[in-house]
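This structure is in structure tokens; I'll ask about it shortly.
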């Protein structure tokens, strides 16, 4: 069987790099084109010496012709706004595309434009794009030409809430999401705030009001709740001093008659068959180290009877299930491969 | 002027050690007795080589006689339950005592007993003890013989909420506190969970329902709100991979008519004269690195109009303002010294 | 083709765990027995939750019968002294064995006994055992029933020196090896020295004179140099604050007539065909992050004309090429599989 | 008594910042002018929020007039080459100056020019400048107008070797220094190599041949050895993943008749009265965490009879005794204050 051919635009960013790393382990994908405008002509392994001897492919300029010729599927790991301009050109040539930016995640261009402060150049494509969260949109991903890879915080949050929203077990008002991300979430860049000396040993909130992932979470949770419009959710991101990992602690008010058994059942129904969602046994809590370098989401919950709240703790690797792992999961689906191909590994453990 | 003489029971735990560190910088305190049952006969600097040449005092067994003879004030940095038995003996001898355990923090022995699963041997002392949060109880601390040093999470949380509760600007129901502590909060012990290889690079929730600091927060916030009884608050602690630091992100529902100006005014009124509370300018967020190794609390807040919430972010060093720094602040007051003596330093900065 | 069946004694130590992690990725190995005396009856994934859903095998007591029945090859990741007693029992049953302790690494029982302060119970097996460094003993490993997995420091050091010693390009007297290991090298244990709060942010030397890996390095470098007896080498290990990684900086005096070109040629000759040894281009230096979670050794060298020294910098993952990765490389050879099976991955990169 | 007035040029770099931090604790210094060309008009505490409420001084442009008017002593924490141009202007105005660059550390302008690839504009000042290592040049520092603060690696190395060189106990040829520095040594800058994600969890050599601190070490060790010219030393620096700390492991060949007792005596003679040099008891090794945030140097040594080497392990904080702590020690001397003023603190301990 011939391998599928994968191209990556934006290959030297952390999302691109992680996808390269996963592709090496995959077995049924050939990396054929790695585009990196900043490093044209250099080898991928010059930029990431960890890949010496494994991926010495030369980095190239963006050429739609070359991608068309050499790829079956292209990942666009580009800044938002940039993707919106390039993706249509790839689609026209018949390429399958998985886009990692925010440009194709929204059903409603207005919400995108408000969140990203940009005018969407191709709002008509939003209808065609499938939100690449396989646990919800697996069937649609099979046949789409364009998948929009979800944001890391939305993935972590939505997976935590999905069973309870679908089951109508929590109130849709007043949901609070308090989340922490590893520093790789800020991308690969020389920036004093993310320098070792100024980022180690510290946590801090940022984007406290109006972080753009809020609208993405609200869109998808609204759909899960069967609501006519997006929910209104309070979301607060923070930065934590490790490279990879994300934890969302989610607070939701239970419906008056919701029982612990119903909650248990809802999670079981939703996730018993999901390879990448691991519901933890009672008393165990997610730790980001257990999902780092993997595509797993580890989830636990607890009911606090005194306050009427359910607390849901959801952990992923922001570059794994929060970015490149999930991208590969969707790519497997889009290419007709078993969904878990190349993704069942144990991360670092320590 | 003769220096005051300080004894510490439990000197080799992290709270004890940090107090020793601060005492070295203080200038008006003499460390006379360091009790450490595990290391009797060894020097303090054998256990903590950072103190070689600075604090080479020999560690001794607990002797109430020796403490009475050599000390003006004794800090008991002991496990809860143990303090309750030793503190009365020290008080009887006329010593001033600052206790760091949970044993004397409660006004109501029942709440203590439920939180700590212990029978309080000296409930009558609860009336005499002053809760050692100088920003609230400064005046009472001046004359007390016994201060109960607050917990780290309660300090961080209460300071964040104080101005809004006193001013009646937030609803007292539904407050949610999501907090992260550095690993030193777990104390000095050989434990696989806190080993470098298993604790680095990871965050995790713990004590998700029923952490005993909840009741301490509820007691004090109830008093601040002028409520007849403790508030009911949802509190979730997490562990973060650094030695020192604590961040609480607090969610409270605004009263219908509360304005941003009122909130601003409330924080100014409460803290403009407080040396150790630093309200951050609009747009700046607390980072734990900025308070590590200090007695400062850095606080910011933001109103999220869409959700009707105010988010308060409060950062301290769990061993500083959350333990030994605050202890020293109270000790200064109890000894009639300027409150900030030995505490105005910049931490590590980097 | 039927997979080979692998058993691990000492499966929950870090070396055992890393071997499990690699086995999951391998594709042609079945993990059939995981022995862990401390955790009999619990699942492997209870101890390492990162493996939930991947390796939920129950941990068992040591039973030679069970191992004989269910395994083709057994790894003994046991303390030295313990291996020496168990390995012979496994060999008698016809099992292939790869032992990770120091018990079978020596050709001369006296040197072992001096280094390890133990009497060797089975010195006759030393002749049969093959030192499991494939870059030297590949051919012997093909046919051996017993391989002795090298120590981490010896692997890192020997690989750095091999081409120069074989080529006679350096003086065999006065070699100095200054090496740093990540904290996982100390094993999985609750120990205050390796607690997060006491190990983070610090480096320290240990075993400064007489570390037992010295004799292992001296044995193999002596053989490489064609010397009648072991070399005399100065070796100083240090601890560095990360989980995985090892760097040896090696100082050797050049022979009078040695040229830079000869050195270059010697490394090329030795390693051009080695999959896991990566000679870095001039001007690039090994960084442990580039080999963490892999079986690679990254090596660079520089001649300092002023001092007449060549400096060799060699980096590995102490748990990878320094332990479990190398073990798997030898296992592949012992089982007749392609040597690199399951080992060509890029580590974490970040 | 009136405090001395201190100005700092280059106040927002890490060396400047650390000096500000120490000045806050000092008690007898007033910070009057903080020059930072990059941040003119902003407050020091805007750049380092840890200093909010402690040092809110406005950062100013370089004005020799202002410095002359407001300062008694000025620290120039500037890039090499820049200092050489500014320092003479300050000296002319009668200011005392402590310069942190390499510009005034050398006795021989040629060596400076080769090491720094610069032409020295004021070589005549080299004679006047005193090398600011108080353990050697204390007496000269009392009367100098200009002190040249030593480099971090030279400080760490020279202090380790001083007693043995002075005593003639080691051979002056073949000394090898293998050293690791924390990342703050690279200065405050946005640089991908020092970003959290690319610097954490890794060690690497750099400047393997020809690092410019080599010549500084060689100059001072030559003088200590009473040699007519600088020694020839092999020096290899590495980067380690923590903010502060430096460890040098030094290898020297013993003279034939040198005894362990002589070595012991030499260190005692040299350092028994030195407040900031702590000789560790036999069997204890320096750990950088014990000197971080202090002006201490922790030193241990061990003789390896088999190889004829003495290994000396010397640890400092690269920003403490390696930069700003030592600067303050020299400043105290230059100003006639007790040498240890403001410097006897225990660092972080944890």
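We just call them A, B, C and D in the order they show up, numbering each chain from 1.
One rule holds for everything that comes next: contacts are C-beta pairs under 8 Å (C-beta built on N, C-alpha and C of every residue); 3 or more make two chains touch, one makes a residue touch a chain.
Source: prediction; values computed, not measured.
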Completion exercise
Contacts shared by subunit C with subunit D include exactly A, B
Practice task
Look at all chain centres (mean of CA atoms) and spot the one farthest from the centre of subunit C.
Solution key: B
Completion exercise
Of B-D and B-C, the pair with more C-beta contacts is B-D
Fill in the blank from the handout: Taking each chain's centre as the mean of its CA atoms, subunit B sits from subunit C at a distance in Å of 47
Fill in the blank from the handout: Between subunit A and subunit B, the Cα-mean centres are separated in Å by 39
Handout entry: Distance between chain centroids, defined by C-alpha means - subunit B, subunit D (Å)
Key = 37
Handout entry: Shared-contact residues (touching 2 or more other chains) in subunit A
Key = 14, 184, 197, 200-201, 241-244, 287, 289-290, 350
Problem - Parts of subunit A lying in touch with subunit C, wherever the complex brings them together - result: 14, 17-18, 20-21, 24-25, 48-55, 184, 243-244, 275, 278, 280, 284, 287, 289-291, 293-294, 296, 298, 344-350
Handout entry: Footprint of subunit D on subunit A - complex, ascending
Key = 14, 183-184, 188-192, 194-197, 199-201, 241-243
Problem - Sites on subunit A touched by subunit B in the complex - result: 174, 176, 178, 180, 197-198, 200-206, 208-209, 232-234, 236, 238, 240-245, 247, 249, 251, 285-290, 292, 302-304, 306-307, 309, 311, 313, 350
